[in-house]
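Listed after this line are the structures, all set down as C-alpha cells.
In the two complexes that follow, chain A is the common piece, with chain B as its partner first and chain C second.
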Partner chain A sequence: MIAEKSQVTRQLMEGLQKLSSKIAFIPDEEIVSAIRQLEEKGLPNNKHEDYKYCNIESFIRREFKTLDQTFNPLDLKVIEAYKLEDAINLVVLNGNYSEALSEKVIAKGITIKSLNEITSSEKNYIASQAKSSSDSLIALNTVFCGNGLFFKVEKGNVIPMPVHIIYLNNNSAPSLSNARNFIHIESGAELTLIESFINSGGGKIFSNYVSEKLVDENAKLTCYTFQNEGPLSYSVHTNAVKVNTYAHYSNTTITLSGELVRNNHNIELAAASCEAHLNGLFITKGTQLVDNHTLIDHQMPHCESNELYKGIANGKSIGVFNGKIFVRKDAQKTNAYQSSKNILMSDDATINTKPQLEIYADDVKCSHGTSTGKIDMDALFYLKARGIGEENARKLLLQAFAEEVINKIEVDSLKERVLHLFEKTL
Partner chain B sequence: MISIKNLHASIGDKEILRGINLEVKAGEIHAIMGPNGSGKSTLSSVLAGREDYDVTEGEVIFNGKNLLDLSTEDRAREGLFLAFQYPIEIPGVSNINFLRTALNEIRAYHGKEEMPAKDFLALVKEKQKLVELDVTLTSRSVNEGFSGGEKKRNEIFQMAMLNPKLAILDETDSGLDIDALRIVAQGVNALKTKDNATILITHYQRLLDYIVPDFVHILYKGRIVKSGGKELALELEAKGYDEIKTQFESSES
Partner chain C sequence: MANEILEEHIQNDYKWGFTTDIEADEAPKGLNEDIIRFISAKKNEPEWMLEFRLKAFRNWQNMIEPEWAHVSYKKPNFRDIIYYSAPKPKKELASLDEVDPELLKTFEKLGISLEEQKRLSGVQSNIAVDIVFDSVSVKTTFKETLAEKGIIFCSFSEAVQDHPDLVKKYMGMVVPPTDNFYSALNSAVFTDGSFCYIPKGVRSPMELSTYFRINASGTGQFERTLIIADEDSYVSYLEGCTAPQRDENQLHAAVVEIITHKNAEVKYSTVQNWYPGDKNGKGGIFNFVTKRGLCLEDNSKISWTQVETGSAVTWKYPSVILKGNNSVGEFYSVAVTNNYQQADTGTKMIHIGKNTRSTIISKGISAGFSNNSYRGLVQIKKGASNARNFSQCDSLLMGDKCGAHTFPYIEIKDKTAIVEHEATTSKIGEDQLFYCKQRGIDNEKAIGLIVNGYCKEVLNKLPMEFAVEAQKLLAISLEGSVG
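After this line comes the complex of A and B, so read on.
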C-alpha cells in the first residue's frame, strides 16, 4: 500500500516537474519541506484521520491517470458572466493571476501583484501560515503553484467596494491547477473579498487552492467563497488564516457543485480579543462529496468564534462537517460556538458530522450542536394543506433552511446570484 | 358540499374511525363534539389527507369529487380548509410568502392568473383586520414565536385569505382566552356565506356560544352516536359525556 501511495505521488510529481519552473516566491526551505512531505507521506487517503471520508489519493488515481497542463483558449464570455457589477473583478486563470483580464483597481491603499513580483521582505510572509508539513495538499501546492496573487490593503484603509477574485480553470484534458494567494489586511484596514471558483473547457480538473490570509490588529476581512465548479471538478480549498488583536475575520462558503469539494479552513486566533465567524452551505446530489473541515485555534484570551454549517444531501451524495476547536491554556474567556445542521433528502445520502473540541483552559464558554434529519413532514403537510404542491412545498422548506446561511451574505449581487442558483439546484 | 359515508380509518392496527356518516350542505355549520379519544382529530386529519392514517372503508364526496382520491394539496385547491389544532411553526418561511404561494397555486389550479401584488397586499390588509392580527406577524416566519392565540388567529386569517368552501376547525377554541375566542369566532362568523360550510370540532360547548351551529353531532368511539340541533350541545354541557359513555358502552355490549 505504501509503495502504491508513493507511486501515485511520484507519477504526479514526474508528470508535473517538467512543466513547472522554479518557484522563486516561496522560501527555499519550504519547498524542501514540501518535497519531503510528499515523498514521505504521499497524498492523503482514508487512512489519515482528517481524510477519512475524502480519499484524495484514490480520486486522483481513478480520475487523473494522465495529467496535462495545456489549457484551452479562453472564452471571455465565461468570465464576463461571472463578474459582479458591484465589485472590483480580478481574474486568476489556471492558477495564474491575469492582470490583463482583471479590472483596474483605483481604490487607494491596495497593492495587487503577481507572486512573482513580490519583494524579498514580502517573501517572508509566504508559507508562514500554510505549512507543507501539516498537509500534503499544501505541499503539493507549494511545489507546483501557479503565479498567484499577492493582495494587500495598507494600514487604515477601508475599501468601500468588494473585491471579487474569479478563479477560472479552462481545460479540455485532465489537469491540475494549483492556485495560490496571499491576502494581507494591515492594521485597521477593512476589505470584503469574494472568491468564485469556476471551470470551463470540458476537462476534468483537480484544483488545489491554497490561500494564506493575514488579518492584522483592528483589521476586518469579510470573505465569501462561492464554489460552483461543475461535475468534472475535484477540488481542495485550503485557507490558512491568522487573526490578530481586535481583528475580525469571517467567511461564508457556498458550495453548489463539484464532484469532490474539500474545504480546509484553518484559523489561528493568535492574539487576544479577536474573532472569527465561519458559515457554510452546501447542496449535493448524485455521487458528490462535499467535506468541510474547520479548525479554529483559540490561542489567546477573550476571543470568539462562531460556526454555522448547513447541508442538503440528495441522491447518493455525501456531506461531511468536521469542526475542530482548540482552546489553549492561555485562551481564557473564550467563546466558541459551533452548529451543523443537515437535511437528508434520500435514503442513500450520507452526512457525517463531527464536532471536536479540545479545551485546555478552564474559564470558557464552548458549545456545539448538530442535527441531521429528513425534511420536516409536519411542515410539509401544513404547506400542502394550504394548497401548495409537493414540489413547491419542499422548495420553500429547503430555501428557508438555507437562508439562515445565505442571509449572511452582505453583497447584494452575490446574494442574488446565490439565491438564484441555489433555487435552480432544488 | 360534503358527504361522508361509512368512513373507517385506522392508524397501524388500531381502528379509530368506525363508520362515520355525515352530510354537510352549503350554508350550514356543523359541530362535532366528543370526549378525548373519540376520533375527532382523526376525522379532520383524514379529510385533510394526512398520510399517517389508512382509510379502510367508506367514501367521501366533496363537491362531486371523490375526496379520498385527491392529494392533500388538491383537496385544499378544491376548497377544503383545515384549521389546525396545533399550527406548525415553519422558521424561515414568511407568512406572506407562504400565503402568496398558496393563493396563487390555488388560482392556477382553477386556471386563474397570479394575483397582482397590489391586490394581494390589499387583501392581506383587509383580512388581517378581521382577526385583529398584528401587522408585524404577517411578515414574520409562519407561526414562529407566535402565542397560542396568535397561532389560532393566524389560522383564521389564512382561511379568510384562501376563502374555502368547507372549513374544518379542529379544536380552534383550545387554549384560547375569552377575548381571543371572541375574535376568532367573529372572524369565522364574518366569513360565513350561504355558499360555504363549516365543521367545528370541539370538546367544549363554549365555542358554540359564539358560533351557533345548525347541527351538533356527538362522536364516540369512532362513530356519530347522536345528532341534533344546537340544544344538544347545551344538554351535553349540563350532563357531561358520562351519560353518552354509559349509554353507548351498554348498547354496544
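After this line comes the complex of A and C, so read on.
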C-alpha cells in the first residue's frame, strides 16, 4: 500500500518536473519542506482522516494516468461571457495570472501584480498561511505552482466595485494546474472579491488552487466563490485566511458543477474581537463528489464565527460536509455556530457530515446542528393541493431551500447568474 | 446528604480503592500461545473454545493498536500483564457460606451485600448478581429462581461447560475476534464474564446484574458478556465496576455482545467507576471496551444507558446494529471527567432494516485538566427506508484547563431517512449558580444540583438503584472542580 502510494505521487511529480520552472517567490525552505511532505506522506487517500470521504489519490490514479499539459489557444468570447459587468474582471489562465486578459484597474490603493514581480518584503507573506506540512495538496501547489496573482488593498481604502477573478482552464488533454494567489487587505481597507472557477478546454483537468488571504485590523473582506467547472474538472480549493483584530471576513461558496470539488477553508481568527462567516451551497448529480471542509481556529478571545452549509444530492452523487470548530485555551468568550442542512433526492445519493467541536476554553458558546432528510412531504402536499404540479412544487421547495444561502450574495449580477444557473440545474 | 458524601470523599478520594488480601491463583506474566493454552486448560475448556482463542490471538499479533481516539497515554506493555488471576481457593460453591469471608467483606465494603440480597429474595425490587473478581466469576445469586423461568444467568465459564451450543452459536456474532485490536486480545485471553439467555416469551422477573472488580496488582481484566434475548422476551441488565487504588495503570479490555430476536428487548445499564487515577493523573484503569448489540430480527430493541465517571482513559462505543425491520436502538450517556482523566466515548447506530429508529443523548462534563470527547457514527445504509435518527450531544465545561470535543460522523445513503444532530458546548450557567447561592445553597451543592438537572434525561433511564448511585457519583466526581 505504501509503495503504491508513493508511486502515484512520484509519477505525478516526475510528470510535472519536466514542465515546471524554478519558483522564485516562495522561500526555498518552504519548497524543501513541500517536497519532503510529498515524498513522505504522498497524496491523501481515505486512510487520511481529513480525506476520509474524498480519496484524492484514487482520483488521480484513475483519471490522470498521464499528464500532457497541453492548453488550447483561447477564444476571447469565452472570457467575455464569464465577466461580470459591475465588477473589475481579472483573469488567471491555466494557473497563471494574465495581465493581457485582465481589465486595467484605475481604483486608488490597489496593487495587482504577478507573484514573479513581488518585492522581497512582500515575499515574506507568501506561504505564511498555507503551510506545506499541513496538507500534501498545499505542498503540491507550492512545488509546482504557476505564476500567481498578488493583490493588495492599501491602508484605509474602501474599494467601491467588486473585484472578480476568473480562473479559467483551457486544456485539451489531461492536465494539472496549480493556481496560487495572495490577497492582502491592509488595516481599515474593504474589498468585495468574487472568484469564479471555469473550465473551457476539452480535456480533463485537475486543478489545485491555493489562496492565501490576510485581513488586517479593522479591515473587511467579503468573498464569493462560484464553482461551475463542468464534468471534466477535478479540483481542490485551499483557502487559508488569517483574520486580525476587529476585522471581518466572510465567504459564500456556490458549487454547481465539477466531477470532484473539494473545498478546504482554514480560517485563523488570530487576534481578539474578529469575525468570520462561511456559507455554502452545493447541488450535485451524476457521480459528482462535493466535499466542503472547514476549520475555524479560534485563537483569541471575543471572536465570533458562523457557518451555514446546505446541499442537495441527486443521482449517485456524494455530498460531504466536515466542519471543525477549534477553540483554543485563550479564546474565552467565543461564540461559534455551525449548521449543515442537506436534502437527498435519490436512492443512490449519499450525504456524509461530520460537524466537529474541539474546545479547550470554558467560557464559550458553541453549537452545531446538522440534519439530512428528504423533501418535506407536508409542504409538497400543501403546494399540490393548491394546483401546483409535483415537478414545479419540488422546484419551488428546493429553490426556497437554496435561497437562504444565495441571498447572502450582495453583488446583484452574481446573484442573478447564480439564481439562473441554479434553476437550470434543477 | 450531599455534604456527608463530599466529606467522605475528601477523606478518601476513591472510596473503592482498598485491596483485599485474598490469595490469588495467577498465570505467569506475558502473552503467548502457551499462556492461552494455560488459561484454557485451567478453565477446562473444550477444544473449539481453545481454537477460538488461538485464532483470535494469531489475528491479534498482526493488528496495530488504534491511535485515532482523542486521548494520549503510555501504551500498556502487553508482555507485562498477568492474564489470569483467580481468587484462591477455588472450588465449587453451593451456598454463600462457602465463599471466602475476606471476599464477602470486600463485597460489603462495595455496598453489595450478598447476604442481604439473599434475604431480600422474593421482594419486588430484587436483583440477581453475578460477581466477577479479577476476571473470574465468584458467585451468581438467584440462579435457582431464574432457572424456574428458564432464564440462564451464569458465569461465562459455566456457560461454556453447560450450554456449549448457545455459546458456540452466538459468541463472536456481533463482535468478531477480528473486529479490533482490543476485542481480538479479549477473545484470546478472556477469563470469565457473564452469560445470560432469556428464552422465548419470558420477561425477566428481576434485574440481572454483574459486578466487576479488579483486585490483584499487575493484572488485566478481560471479561466477556453475552446476552441473548429470544423472541418476545425482555431483560434489564446492570453492570458495575470498581478497582483498587494503585500507581500503575491497569488494563481493562472487555467485550459485551447483545443479540435480540423478534420482538425482544434488552436494556443494558452501566455505572462505570474504575479507579480514575490520583489528582496528578498517576495510575488508574485503561478502559478499552467493545460493546455492541445486534437487533437481529424485526421489532426488537436495544437500549444502552451509561454513566461514566471512572477510568484514567476510556475508549468505549456501545453500538447497535439495527438489522431487523422496525428495530430500535437507544444510547443515553453521561460521561464525567475530572483531574487528568480522558474519555473518548460515544456510539454507533448502523441502520440496515426498514423503519428503524435510533436516539442518541450524550452529556459530557469535563473539569480539571481532563478531556472529554463524544465520537459517534450514524450510518443509514441503502435500503434502510424511513430510518430515523435523533442525536443530541451536550458538553459542559468547568474550568479553563479542560477540553470538550465532539466528533460525530453521519453517513446517509437513503433518501427517505431523516437524521438530525445537535451539539452544544457551554460552561455552567452563572445565573443558575447565582440563583442557587442566593437561596442559601453553597457552591458545591449548587453545582451538584445543576449537573444532576443537566443529566436528568439520562439518569431517568437508569433503574432506581443505579440512579441513586449515579447521582452520588456525579457529585463526588466533580468535587472541588469549580471555585
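Heads up, the rule we're going with is that the second predicted complex is superposed on the first by the 426 of 426 C-alpha atoms of A that agree within 3 Å, B and C clash if a C-alpha of one lies under 4 Å from a C-alpha of the other, contacts with A are read in each partner's own complex, and residues count from 1 in each chain.
To be clear about the criterion, a residue touches a chain if its C-beta (ideal position, glycine included) is under 8 Å from a C-beta of that chain, and two chains touch if they have at least 3 such contacts.
What you are looking at is a predicted structure, and each value in this text was computed from that prediction instead of being measured.
> Superposed on chain A, are chain B and chain C clashing or fitting side by side?
Once both complexes are aligned on chain A, chain B and chain C fit side by side.
> Quick one: the Cα-centre angle at chain A between chain B and chain C, nearest 10 degrees, please.
70
> By the touch definition at the top of the document, which applies to A:Gly156: first (chain B), second (chain C), both, or neither?
Touch partners of A:Gly156: none, neither chain B nor chain C.
> After superposition on the shared chain, which partner residues are touched by A:Gly202: those of chain B (first), chain C (second), both, or neither?
Neither: A:Gly202 stays clear of chain B and chain C.
> Using the touch criterion from the header, give the chain among chain B and chain C with more contacted residues in chain A.
Between chain B and chain C, the winner on chain A residue contacts is C.
> Go through the superposed model and pick first if A:Leu344 touches only chain B, second if only chain C, both, or neither.
In the superposed model, A:Leu344 contacts chain C only, not chain B.
> Now for A:Ser367: first (chain B), second (chain C), both, or neither, which partner does it touch?
In the superposed model, A:Ser367 contacts chain C only, not chain B.
> Report for A:Pro231: first if it touches chain B alone, second if chain C alone, otherwise both or neither.
neither
> In whole Å, what is the nearest CA distance you get between chain B and chain C after the fit?
The answer for the closest chain B-chain C C-alpha pair is 14 Å.
> For chain A, give the residues common to its interface with chain B and its interface with chain C.
Touching chain B and chain C on chain A: no residues.
> Quick one: in the complex, what on chain A touches chain B?
Result: residues 376, 378-379, 381-390, 392-393, 396-397, 399-401, 403-404 of chain A touch chain B.
> Given the complex with chain C, which residues does chain A contribute to the contact?
49, 329, 332, 342, 344-374
> Hey, which residues of chain C end up touching chain A in the complex?
Going by the criterion above, the answer is residues 68, 70, 382, 395, 397-427.
> Using the touch definition up top, name the residues of chain B that touch chain A in the complex.
48-51, 71-73, 75-77, 82, 84, 87-88, 90-93, 97-99, 101-103, 105-106, 109, 141-142, 158, 162
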